[in-house]
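One chain, chain A, appears in both complexes that follow, with chain B as partner in the first and chain C in the second.
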Partner chain A sequence: MAPSRPNRRLLKKPIKIEDKLRNTEKKVEEKKESFDLTVETLPSEVINAFGNSADIKMIEGIISERNVKILFLESMVDSTSLKETTSKFLSSISPIGEYLKNIDELSAYCKGIFGGASYKIVSSKDESIHEIINGSVVIVVEHIDKALAVNIMNGEKRSVAEPTSQTVIRGPKDAFIESISTNVSLIRRRIRNKNLRFEQYTIGEDTQTTVYLGFFKGIANEAIIQEVRNRLKKIKVSAIFESGNIEELIADKTFTLFPLALNTERPDTVAANLMEGKMVILIDGTPFALIVPAVFVNFFESPEDYYQSFFLGSFLRMIRYLSFMIALLTPSIYVGVLTYHHELLPTTLLLSVIAQREGIPFPAVVEVLVMEITFEILREAGVRMPRVVGQMVSIVGALVIGQAAAEAGIISNIMIIIVSITAIANFVSPIYSFATASRLLRFLLIFFAAILGLYGVLLVLVAMVAHLAALRSFGVPYLAPIAPFIIEDQKDVFVRFPFWNMKKRPKYIRSESEQKVFSASPPSPSSMKGGNTS
Partner chain B sequence: MKIEKENISLSQLLTLLINFLLGSAIVVGVGGDAKNDAWLAILLGGLIGIGIITFFHFFIYRFPDKNMFQVFEFCIGRKITIVCTLIYIVYYLYISSRVIRDFGELMATAILPNSPIEMMSLTFCLLMGYILYLGIEVLARTSEIFTPYLFGFFLLLAIFLFASGSLEFKQLQPILGEGVMPVIKTAFTELAFFPYGEMIAFSVIYASLTNKKYSLRVSIVGVGTATLILSVSAILMIVSLGADSVARSNFPLLSTARLVSIGNFIERLDALVVFIIMLGVFIKGSLFFYAGLKGLEYIFKLPYRYFAIPISMIISLFSILVSVDFADHIQEGIKMVPYYLHFPFQVVLPLILFLLVMWKQRKIKSKRKGEQDGTEQTKSSFIKETNKN
Partner chain C sequence: MRLKSVVIVIAIVTLLTGCWDHREISEITVVVGMAVDKGDDDKFTLTIEGINAKELSDKTASGFAPSVVFSLKGDTLAELSQKMNIGISKNLIFSHMKVLVIGESVLREGILDFIDFLERNREIRDDFNIVTARHVKAADILKVTFLVQKSSSLKLHTQLNSFVESWGGDPDIRLNDFIQAYTSAGKRGVLAALTINGDPKKGGSVDNMKKGAPDAMVVVDSMAILKKDKLLDFLPLKDTRNYLWLINKLEKTVVTVECSKNKFLGVRIFNTVTKSKGSLVKGRAIINLKIRAEAYLDSTQCKDDDLTQIKTFKKFGKLTDKQIKKDLETTIKKLQQNYEADIFGFGEILFRQDYNNFKRIEKQWDEYFKEAIVNVDVNVKIRRSGIRTKSPFSEKK
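Showing the complex of A and B:
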C-alpha cells in the first residue's frame, strides 16, 4: 500500500524537487548510517534541489585552513543578523580552529558567537533543506560529517493593531497578526499558566504550514482534544493558507450554512474560550484563529458582554437574537403576508401598504428579490472595490437604487424599509461568518413564502431547526444548552448572569474541572457596614 | 447490520408527550359530545390517560431496552410477530396519514383556500421524512426547542381573548346540566381512544430513554400538562363561542382566535393558532410515522432511516386517499376508527400480549427456581434470553 500511493500522487505533480526530496527521504530511512554530507557535495546538492532558485545563496570561507560553506535562503533570513553571523564566524581567525574536530565542538563554538539563536544539528541533505526552508543558515565545515543549522528567520511582520472585523467599545484593542509566534505570545500573556499547552502540527504537504493546537490542560476535555488531534493529523492536502481551509477540513459536516467552528481575531476571546475548556487552532500566516467546539449560542456572544454590566450584556444579547430573526424572516413574512394573508394586517396598515403598492408593476416576491439581490451586489461591491472609489457605492446605492427607484414606481417605499432593516440586522452578528447563514437562508424562505405563504415559512423554519439539531461540532450537539436542554448552562445563553453567580463552566463542553468561581457569595460590603468600629 | 442506539432525555420525552397529545386533538376539538362540560370530560379523560400511560409503562418496562415489537417477539416468536408488526405498521401509518389529513384540511379551508390540499400534504410529509431521516433524536430536540413557544403563544392567545372582552363565563353554566353520564360517556368512549389511547405509539420510544428512573413520573406530568392545556382550550372555546358554535365549527380553536381584536391593531391571530396546531400535528404525525418505521426496521433488519423518505411519500398519498372530503374524514374518525382500529390495537392486542408476557415470565421464573441447583450456564442462558436485543 505504501509504495504505490505516493508514486501515483507524484506522477501528477509538475514539481521535480519534491520528487527528489521524497526519494532521498526514503533512501535515508533505508540506510541511516551513510552520510551524504560533505563540504564538497552538500552545497551543490542542496542548490540543485532548489532548482537553482534565485534566492538560494551560498557563502564560502576558510577557517584555519578548512573550507566552510554557509547556505541559506535570502528571502527567509534576517539580513542584519546574517551579516553579523557570517562575518563573526568567518573572521574569527583562530587557534580555536584546531579544536573543531567534531560537531559538538563546532556547536559549542557557535554558541559563543550566536548567543541565543536556536540551533539544530543536521545530518542529512533533507534535514538541511527543511531547515533552510524554515529560515536557517546551514553551516558545513570540512571534515565534519554533520552540519549546523542556525535559525535567523526574518521577523518581518506588521505590528499588532486593532481588530478590524470584531470591534468592541470597552475591552482590549489588540488583534492577532499573520505571525503565529506573536499570536501565541498574545494568548500566553493573558494566561500565565504552565497548563496552557500548544501542540505543533505541520499541515500542507507542499506549503508546510505551521499550525498550533492550544488548550488548557485540566480544563479542556481530553476526549475532545484527542478528536481534534486526530482530525488535524488526518488532513492531507497540498496547501493551507487560512483558518477557513482548516475549518472546512475538520468540521463535522460541510453541507451546512452554519459555521461549526468559531473564528476570531481577538486574543481575549481566545483566552476566555480556552478557560471555558475549548481549544484553539492557530494557523501561521493568518490573523484568524479557530475555536472549537463551537455551538450555536457562541455566535451570539461578544466579548463585550462580559466587560459591560450584565444588564447591558444580557440586553445586547437578546437584541442579537432578535436581529438574527429579523434578518432571516422579515422579507419572507412580507412576501407571505402580502401574497396570501392580507387579513393578518390591521386594516389601516393594510390600506397604507396597498396604496403604496398601487402603481408597482411587480408581485411582492419579484419586488423583494430584485431589492435583495441589488443589495447583495452593493454589499459585495463595497467590500471588493478599491478604497479610492469607496464613496461611490454609498452614493449610488442610497440615492439611485433606493429613493429614485421608489419615486420611479418600480418598488414601494415599504420595500426599502424592509431591505434596509434586514441588512442592518444582518450586520449585528458578532461573528461575521455566522451572518452568511441568515443571508442565504433568507432567499430560500422568500421562495417558500412565495409559493406557500406563512405556512411555507414555518416549514422552512422547522426544517432549519431540525437541521441545526442534527449538527454536531466535535461531538457536541450544535444547539447544546437549548436542545438538549441543560438547565445549569442557561446562565450564559440568552442572558448573562453576574460573574459571581456563574460558578460552573458550561456543561456541554464536558470540562474536566467545572468550578469557575471559587468564592460562592456575591460581593457585599458587609465588613464595612456601620463604620470602623473595630 | 448495526442499528444505532439513540438517546432521548426526560425533558424531550415530556415535550414529545405534550405535543403528541395536543396534536390533532386541538385541531378538531375533542369532547364535543359533552357540550359545555367538554372541559370536565377532558379532565376525566386525562385521568384515564394517566392510567393508560402507567399501563404501557408497566408493560414495556418489563424489558427496558426493548421496543414494542421486540417484546412481541419474546411472547409469540418472530414469525407471528412479523405478521402482528405488519398490521401495526399499517395502523400507525394510517393514523399518521389521518393526522396529516386533519392538518391539510385546516390549511386548505382556513389558511390557504386557493392552494390544493395535495401541496400541503406533500410538503408536510417531506419535512417529516427529512426529520426522521435525521433521526428520532432530532425530532425530540426540535420539539424541545419549539415547545416553549407553544406555551408562550397559547398564553398570549388566552390573554388576548380575555383582554378583547370576548369571553363570557356564563356560557359554562349549567355545569353538569344533563348529569354526569354524558361526561363519563364522552371520556370513556371518545377521549380514552383519542387522544390518550394513541399513546401506544410511545411504546417504541421508551427503549431509547436515557434516564429510566423518573420516566413514569415525567410521563404522568406530560399527560397532566397536555390535559390541562386541552381543558383550558376547551373552556376558551366554550366561553367565547358557546357550546353550539363549537359543535358546529370545523376548527373551533381557529374560530376562537379570530375573535381577538384589541385596539384595532392586534387582530386575527390565526398565525399563532396555526403555529400551535402545526407543531402538535407535526410531532404527532412524526411519532406515528416513527413507530411505523420502527416496525419496518424490525421486519427488514435495516436502519429505519432508509425507509423515511419513501414511506413519507406513501403517507402523503394516503392522507389524500383516506377519505373523499372533510365530512367523510370526520365521520370516519368518529364512527369507524375508534371501534375498528383504536379498540383492538390500543386495548385488545396489548392486553393479550401483556397477559402472555406475565405468563411467560412467570414460567421462566418457576423454571429457574426449579433449576436453582443447576449449573451456572443455564442461569446465564436465561439472562441472555431475557436481555436479547
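Showing the complex of A and C:
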C-alpha cells in the first residue's frame, strides 16, 4: 500500500477515471484526434449516459457563430444561479465569441466572473458526468477542447433549527441539519483554530456520499485517528444514508446492545468532544454526527452538565445512573420478589401488594410482560403515527390501557407504577440510542427473574458487566475510566468537578496534549486591600 | 472443546437451579403469628394466624375478619406447619411472622423441643417477638381483633415495640436472645407475658374490631422469668423496666418520685447508660453498676419548689436518684432471694471481666448470684422542665 493513505478513496477515483479515459481515448484515437470533448459529441454522450433521464437538461445557444451548450441536472441545480450563469455565457454581451480562443483564456475569464464560487475545468465525459451529478452545470463551447463545470448545487436544505432529540434548557439551541457543509461550519464557528482538520471521504459505491472525519490535530491521539481512517476506508457498500450505517460498519463489535459510537445532533457536544481529543464523523444527508471513541460513561453526560453549576451537574448525572438502573431492573426485581423472595418486602408493603393482586388471574411475570409489551407498542405507535392523531394515542394509552385494565382486575395498580417508572426512567438517557440497551435487556432480565428469581437477575447482571468489560470502542476499553480504574479521570464520571479543578483531559482517550486548564487557581475573593470590605 | 464443556457445565449449574421455590404471590397466605399450646394427647397444638390481606387495605376492605386463625395438634411443629392446608386454602409463608406466643403450660414443661424448629427453618427469621400467655390459652391471644391494626399479631408487634420505646415494658426478646440466655452460664431468660382483658370469646369476633372500647384486649401483663427453658414465675411490669435498665437496654421511661408527702414528680428519663463492672473477691461476686441518665421534669405536684433555681433541679435529681436506686435494688434483691435467677446477666459480666475466677464457680453461679453484692450508683441530671418554668398555678397572686 502506498504511504499516501489518508485519501485512498479519493485518490482511487481519479485513477479509475483515467483508466476509463485511456480506454475511450483509444477508441477516439481511431476515429478522430485525441479529444472526446466537443460540442457535438459530449452533450449527446452525457444525455445517453443518464439514459435520457427526465431531469437532465440542455440549453443551446449560438454566440458569435460559436455553438455553446449547457448541460445540467435540473433537480440538482439552483434555478436562480442557473439563470445568472447562463446569462453570463449566452447573453449578447458575452465575451465568448470575441476572444476566448482556448481553455486558458476561458479559465481566466471564469476566475473573474465566478470569483469565490467553485468552478472546474473538465476534460472528459466521465468527469463531466461526475460534476453534473454533484450539481454543476457543464458548459461546452465550440472550438474549445475542454469544458467548464460551475457548481451551482441547489441549497435545498432546511434552516438550522433547535435540536429535537437532545434538548437542553441552558445552552446553545442550534442543531445539525442534513447539509454537511452547514454542519461543518457550525463546528468550525465554535473552534476557530487552524488545527481543526476535516478529511473528506466518499463512501458508498453507488450513492457517493460525502463523509467528513474531523479531529483536532495535536489533541486527538494519532493512533486512534489512523484507526478511524482505516476503518472508514475499508467500508465498501453500495449505499450510505445515515450515521447509523457507518456506526455499524466501523464499530469494534456489532453484536452488542450498547452503542460503541456516540451520536449527537448538537454542534456544541461535537465541539466539546473534539477538544477532549475525540473524533467526529459527519455524514452528508443526516443531522446526526458520530463521536468516536465513545465509552460507557459518555452516554450519561449531557452538555448541560457543563453549563450549569457543578453541584446540579453532578446531581443530575447521578440521577441518570440511577434511572438507568431503574429502567433496567425494576420490572425484573418486581417479578423476582413477588414470585421468590416474599421475605424481602416489609410486611405492610407485602400485605398491600397481596391485597392488590387478589383476583388477578395472571402470574406476575405474565402481568409484567403484558404491560411492558403494551407500553412498547404504545411507544412505537407514538413515534410512527401521524402527528394529527398523536394525542389519541396518549389518551387511549393512558386511560384505556392503564386505568381500565387495572379497574377490570386484569393487572394490579402497582404494575402500572412499575411500568410508568420504568418508561420514564428509560427516557432520562441523554443519548437516545443508549436507552435501547436497558430497553431490550429488561426483557431478558424479566425472563431470568421469572425462572431464577433475583439470583437470575444477578446472573444476567454479571454477564452484562463481563460483556461491557470486554467491549472496546476504537481500542479504548468501554468501561474506562471505571475499569480500568483511572483515578485522575474520576473528576468527570459520576460527579462533575468544577472547571478550575479539571486540569487534564481524560486519560482514557490518550490525548496528545493533556493540559486543559492552564491557570488552575480556584476562584477566590480579590486580595485587594481596602474597598468596601468594612 | 474444553471451553465448550466448561461453558456447558456453567450453564447447567447456573440455569437448572430455578423454579423450585417458585411461589406466586396470589397463591400464598402470610403467617403473621404463631401460638403453641399443649395438645391434649399430642405434644403441641400449633395455632397460626394467616392474614386476609384484602381486609387490611382500606380500598379493598369489606368488613370481614382480618385473619384466619387455625389450629392443629401434633408432635412436631415442622410437620404441623406444612399440614395447615387441612383447613387453609393457600400455601403458607412464615417469613413475615411477627409474634410467637407460647402457652403457659407448655412453658412450664420446657420449650426447647420446638425452638429448634424455629431456628432451623429457612423461612422463619429472627425478628419476631417471643411472648407467653398468662391465664389464657396462647391460641386465644391470636384471635383477639383490634381497631387499628386489625390482626392480633400485627397489633402486638407494634404494641410491644412502642412499649419498649416509651416506657420499657417489654423485655424485647427475640429468638437469638432466648438462645443466648439458654446457652449462657451466667444468664437466665425472660419473656414478656400477655393476657386478655375481657372475654376471649367475644374478642375473636369482627365486632370487637369495630368498638372503641373493645370487649377483649390483649394487654402486657408481666414478665416471665425462666430457668433454662422452663417457666419459673411471673414478675410485675415494674420489674421489666428495672430489668431493662440494669442490662442497659432501656431507651426511655418515666419515673414517679415522691417529692413531699403524697406529692409526686414525673421525671422523663432519656439518654440513660448503665455501665457494669464485676469481679469475684474472696469468693463473693461484686457487681458495680453505674447508671448515668438525663431527664426532664414532665410534671410536678410540689408547686412550692421554685423551678427557676438550679438547686431545685439538684434536689429533684437527688430524689430521683434515690427512688431509682431503691427500685432497682428491690428488683435485684427479689431475684436473688426468691428465685436465685440471674436474669441480668451478672454472670456474663464476670465471664468477661473476671474470666478465670468465674470459670471455677460457673456451675454454682446461681448460689453465688444469691450472695452477690450489687452496688447501684445512680446519677440523674434533670436538664429541663418541659416548656414551662413556673407552675401555672403558682402564678396566681
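Keep this in mind: the second predicted complex is superposed on the first by the 485 of 534 C-alpha atoms of A that agree within 3 Å, B and C clash if a C-alpha of one lies under 4 Å from a C-alpha of the other, contacts with A are read in each partner's own complex, and residues count from 1 in each chain.
As a convention for this text, contacts are C-beta pairs under 8 Å (C-beta built on N, C-alpha and C of every residue); 3 or more make two chains touch, one makes a residue touch a chain.
Just so we're clear, the structure is a prediction, and the values are computed from it rather than from any experiment.
Superposition of the two complexes onto chain A shows a clash between chain B and chain C. In the superposition on chain A, A:Gly456 makes contact with both chain B and chain C.
In the superposition on chain A, contact of A:Ile319 is made with neither chain B nor chain C. In the superposition on chain A, A:Ala364 contacts chain C only, with no contact to chain B. Touch criterion not met for A:Leu440: it reaches neither chain B nor chain C. Contact with chain B, but none with chain C, is seen for A:Val465 once the two complexes are overlaid on the shared chain.
In the superposed pair of complexes, A:Leu399 makes contact with neither chain B nor chain C.
When both complexes are overlaid on chain A, the residue A:Tyr340 reaches chain B and chain C alike.
Judged by the touch definition given at the top, the superposed model places A:Pro484 against chain B, while chain C stays out of reach. Only one segment of chain C in 4-12, 22-30, 94-102 or 274-282 runs into chain B in the superposed model, and that segment is 4-12.
Overlaid on A, the two complexes show chain B and chain C touching the same residues of chain A, namely 340, 343, 347, 452-453, 455-456, 459. Interface residues of chain C, counted against chain A in their complex, comprise 14-15, 17-19, 21-26, 28, 30, 32, 51, 53-54, 56-57, 59-60, 93, 95-96, 98, 123, 125, 154. Those residues of chain B that touch chain A in the shared complex are 9, 11-12, 107, 111-112, 115, 119-120, 123-124, 127, 130-131, 134-135, 137-142, 144-146, 264-268, 270-271, 274-275, 278, 282.
Touching chain B in their complex are the following residues of chain A: 340-341, 343-344, 346-348, 452-456, 458-459, 462-463, 465-467, 469-470, 477, 479, 482-485. The touching residues of chain A, counted against chain C in their complex, run 338-340, 342-343, 347, 350-360, 363-364, 451-453, 455-456, 459.
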